[in-house]
Amino acid sequence: MSKLRVAVLGAKGRIGSEAVRAVEAADDMELVAALGRGDRLETLADTGAQVVVELTTPASVMDNLDFCVRHGIHAVVGTTGWTDERLARLDTWLSASPGTGVLIAPNFSIGAVLTMAFAQTAARYFESVEVIELHHPNKVDAPSGTAARTAQLIAAARAEAGRAPQPDATTTALDGARGADVDGIPVHSVRLRGLLAHQEVLLGGEGETLTIRHDSLHHSSFMPGILLGTRRVVTTPGLTFGLEHFLDLN
Amino acid sequence: MSKLRVAVLGAKGRIGSEAVRAVEAADDMELVAALGRGDRLETLADTGAQVVVELTTPASVMDNLDFCVRHGIHAVVGTTGWTDERLARLDTWLSASPGTGVLIAPNFSIGAVLTMAFAQTAARYFESVEVIELHHPNKVDAPSGTAARTAQLIAAARAEAGRAPQPDATTTALDGARGADVDGIPVHSVRLRGLLAHQEVLLGGEGETLTIRHDSLHHSSFMPGILLGTRRVVTTPGLTFGLEHFLDLN
Amino acid sequence: MSKLRVAVLGAKGRIGSEAVRAVEAADDMELVAALGRGDRLETLADTGAQVVVELTTPASVMDNLDFCVRHGIHAVVGTTGWTDERLARLDTWLSASPGTGVLIAPNFSIGAVLTMAFAQTAARYFESVEVIELHHPNKVDAPSGTAARTAQLIAAARAEAGRAPQPDATTTALDGARGADVDGIPVHSVRLRGLLAHQEVLLGGEGETLTIRHDSLHHSSFMPGILLGTRRVVTTPGLTFGLEHFLDLN
Amino acid sequence: MSKLRVAVLGAKGRIGSEAVRAVEAADDMELVAALGRGDRLETLADTGAQVVVELTTPASVMDNLDFCVRHGIHAVVGTTGWTDERLARLDTWLSASPGTGVLIAPNFSIGAVLTMAFAQTAARYFESVEVIELHHPNKVDAPSGTAARTAQLIAAARAEAGRAPQPDATTTALDGARGADVDGIPVHSVRLRGLLAHQEVLLGGEGETLTIRHDSLHHSSFMPGILLGTRRVVTTPGLTFGLEHFLDLN
């Protein structure tokens, strides 16, 4: 079987340089280009890249994707900063290149994506749900974006299932004890030296609890998701937003 | 809306008496009969039961289901001891009563069922998987049936996804340190005073781990699953084996 | 060896009736009386009780202890409502009966007492500490008294060790995300159906974390502490406040 | 206050180079020498080092300590390979230099040392104890040395407290399910991609459990223990074996 020809854009960044190594280590892939700032995009066409892993910045991602789509090169995109306007523009480009696929993923950690998916599924079946996220103490926001997003998805799943509000008899509480309220779901943020990025979804019903916990110990955790996206984007034309659409969830 | 007319068979047993209370407490159900050993099955027809919750013994379950199916009464069955022969016989009965549904569930705990389902899904995406089950010290078998079954489902999911055997560089080990081997998945059994029934599935990949934990604190945890089965069996003709088929898993 | 002669006061209450069973089941004890409301205290002297387990109410505890101390009967007390005035009064009584011992314990769970002791010890050595307590959703206060007390003890231990405030770079946070502040220690309260009473102390330093978790699954967890107190109070004259003083903590 | 003058031996190794940085970053210490293989030991005396952090190899540690003790320089030693004979020799040297202190520590992680200490204390008070250790899959031995040592300490504490063997009704078990038996304590070893080094001690009694968990995420976790040892060794003449003797454990 011939190998998939992959290029990395943003190859000198922290994630990009790991992606270069991951592609090189994958048996079914060949790294054909590793481009940094200032390198010419034409190299992508010249080297016959089939998929581009795009890990640059919001300032350059649109130009990069314009080039890729025009040349029928699929793309797996980790760069952030997506607005409705940008997505619409990308959609228009893709309509004109119907065989080309683009995956944009806010999170390439398969563990994080599965945690969110499982939490949504389970939320339909339990009376109570709370989220605890735990990070290193240098983090500036609380709760984490992932925890807030997880709580929103849980709240939506509960609403769709017609669930009543959570039981909570608290009448006297210290400020903050019951966490932040995200669409009715309590979210608690722990900041502890020694930790990296961790999240727990606790679900409780009559006589039982279910806990889904994700521990992220290194940003190398993005690599399996990037490789999976690279393999599947070549057979998934059009725009896909979110790695969960490339996972078989049941 | 008229209420669902529900009867409980085995109503004096530990689980049965809880089922009686759970049906009585459900807004959308009416308990029309609660029968124990020696009570006449005709009561089920006389009271117009639409669903029977069958929580008796292997010795009486077949006669009970024979009666139910002949009278077009749906059944939700927690009684164990199912063989291929018994299932085939039940199937034949159901063919003759095409609108009737029977749900047989080895486990009515929604948390346990979701744990198995999520473990199977996630197993496709992680290099390593191990199972730890923890129970009270009066348990006579190790590992638990649920843990063994979970490991088998995980192994099958890995095989289907073409996963290589798990990485394990162990060269010197004390006997038993690496757990029991169930289809290539290590399973560890803890027996501790103060515990009831708990199970953890640990999945690990590059830079991240995902843990799914189920804690069962009381046999009342079966009630939400029994009620859910009761509501859905009336619109699901034929034989369904396993509560997971009544859950929306994605 | 002759058995220790033990009486239970408040023998018909939920905890009291378990204490009766626990004393009966202990090889080295003999239950000589089990008194409820309205029973005559003279029975304690008549039956030669050496230790009284006092599990009544704040309204009756002082009269009961007055009787015990005057008769040289040791006491193990779980009844709450202790004020400085009451403790001073009890101290005076004990001065007049120098061989008699009284143990008052706000918490007879050995696990809870050890959790607090270990948290205090470890707090000296870690940069970060947070407390998570998790309870059933019928609980009216947040955080739990035990969690608040644990946080106070941790804060005192940090102050004594000259520890700087905890690192926390949070600049933007949703209200409540970072928990309640108890003397500088964040405390998070989870309320979840299916849980009983659980507490986690998380400590973090450079490259490592230490977690101490206590799960209380049944009020029978008080029995080992009550029996331990009963055995040791007979050789510990005077007033002891807190079961931790009867544990060998290193 | 004048700063403590500290030298590092083995300064180019993985742990040694971290120790150099940790000493430099400590407000109350001054790094006066950082020596690697081939460097002259006389530098230690010339620079007026008060404490040497010894992180070399079993082949050179004895010569290094001989030099230190003869020059009245205290030492904090992480190098392994200690035999009774070597310890006796070191003891003899120290007798001739009565003001000098040497701390040898098999483990400088404060979290690991506290886990062992707490497990020993708690083991006296619970019916059941088991140990689970979890490591990356490249580890060659199972269980880990730390877990085996922890189990031995627990077993000794139980024996001293006169505890009966653990309750365990298991009659049918798959090989290995109940873990390795270390002096009667079950020890379970998990090997999972994404993990580093983790250990859990589970203790259970009537109605409650206590869990002590240590997560080691980076070898920088040794630094606080090395600094603590460095500060205390100067006032602790003679030989100390084990960092636990420098911790205030109650």
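Labels A, B, C and D are assigned to the chains in the order they are written; within every chain, residues are numbered from 1.
Everything below uses one rule, namely that a residue touches a chain if its C-beta (ideal position, glycine included) is under 8 Å from a C-beta of that chain, and two chains touch if they have at least 3 such contacts.
Owing to the predicted nature of the structure, the values given are computational and were not obtained by experimental measurement.
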item	value
Neighbouring chains shared between chain A and chain B, ordered by label	C, D
Self-contact between copies chain B and chain C, residue sets same or different by half	same
Distance between the centres, which are taken as Cα means, of chain C and chain B, whole angstrom	40
Whole-Å separation of chain centres (CA-atom averages), chain A against chain C	46
Shared interface positions of chain C, touching two or more other chains	126, 194-195, 203, 205-209, 215, 217, 221
Chain B contact footprint on chain D (complex, rising order)	126-128, 130, 132, 134, 137-143, 148, 166-182, 186-195, 202-209
List of chain A residues in touch with chain B within their complex	109-112, 114-115, 117-118, 121-122, 124-126, 203, 205-224, 228, 247-250
Chain C partner contacts - residues on chain B that touch it in the complex	194-196, 215, 217, 221
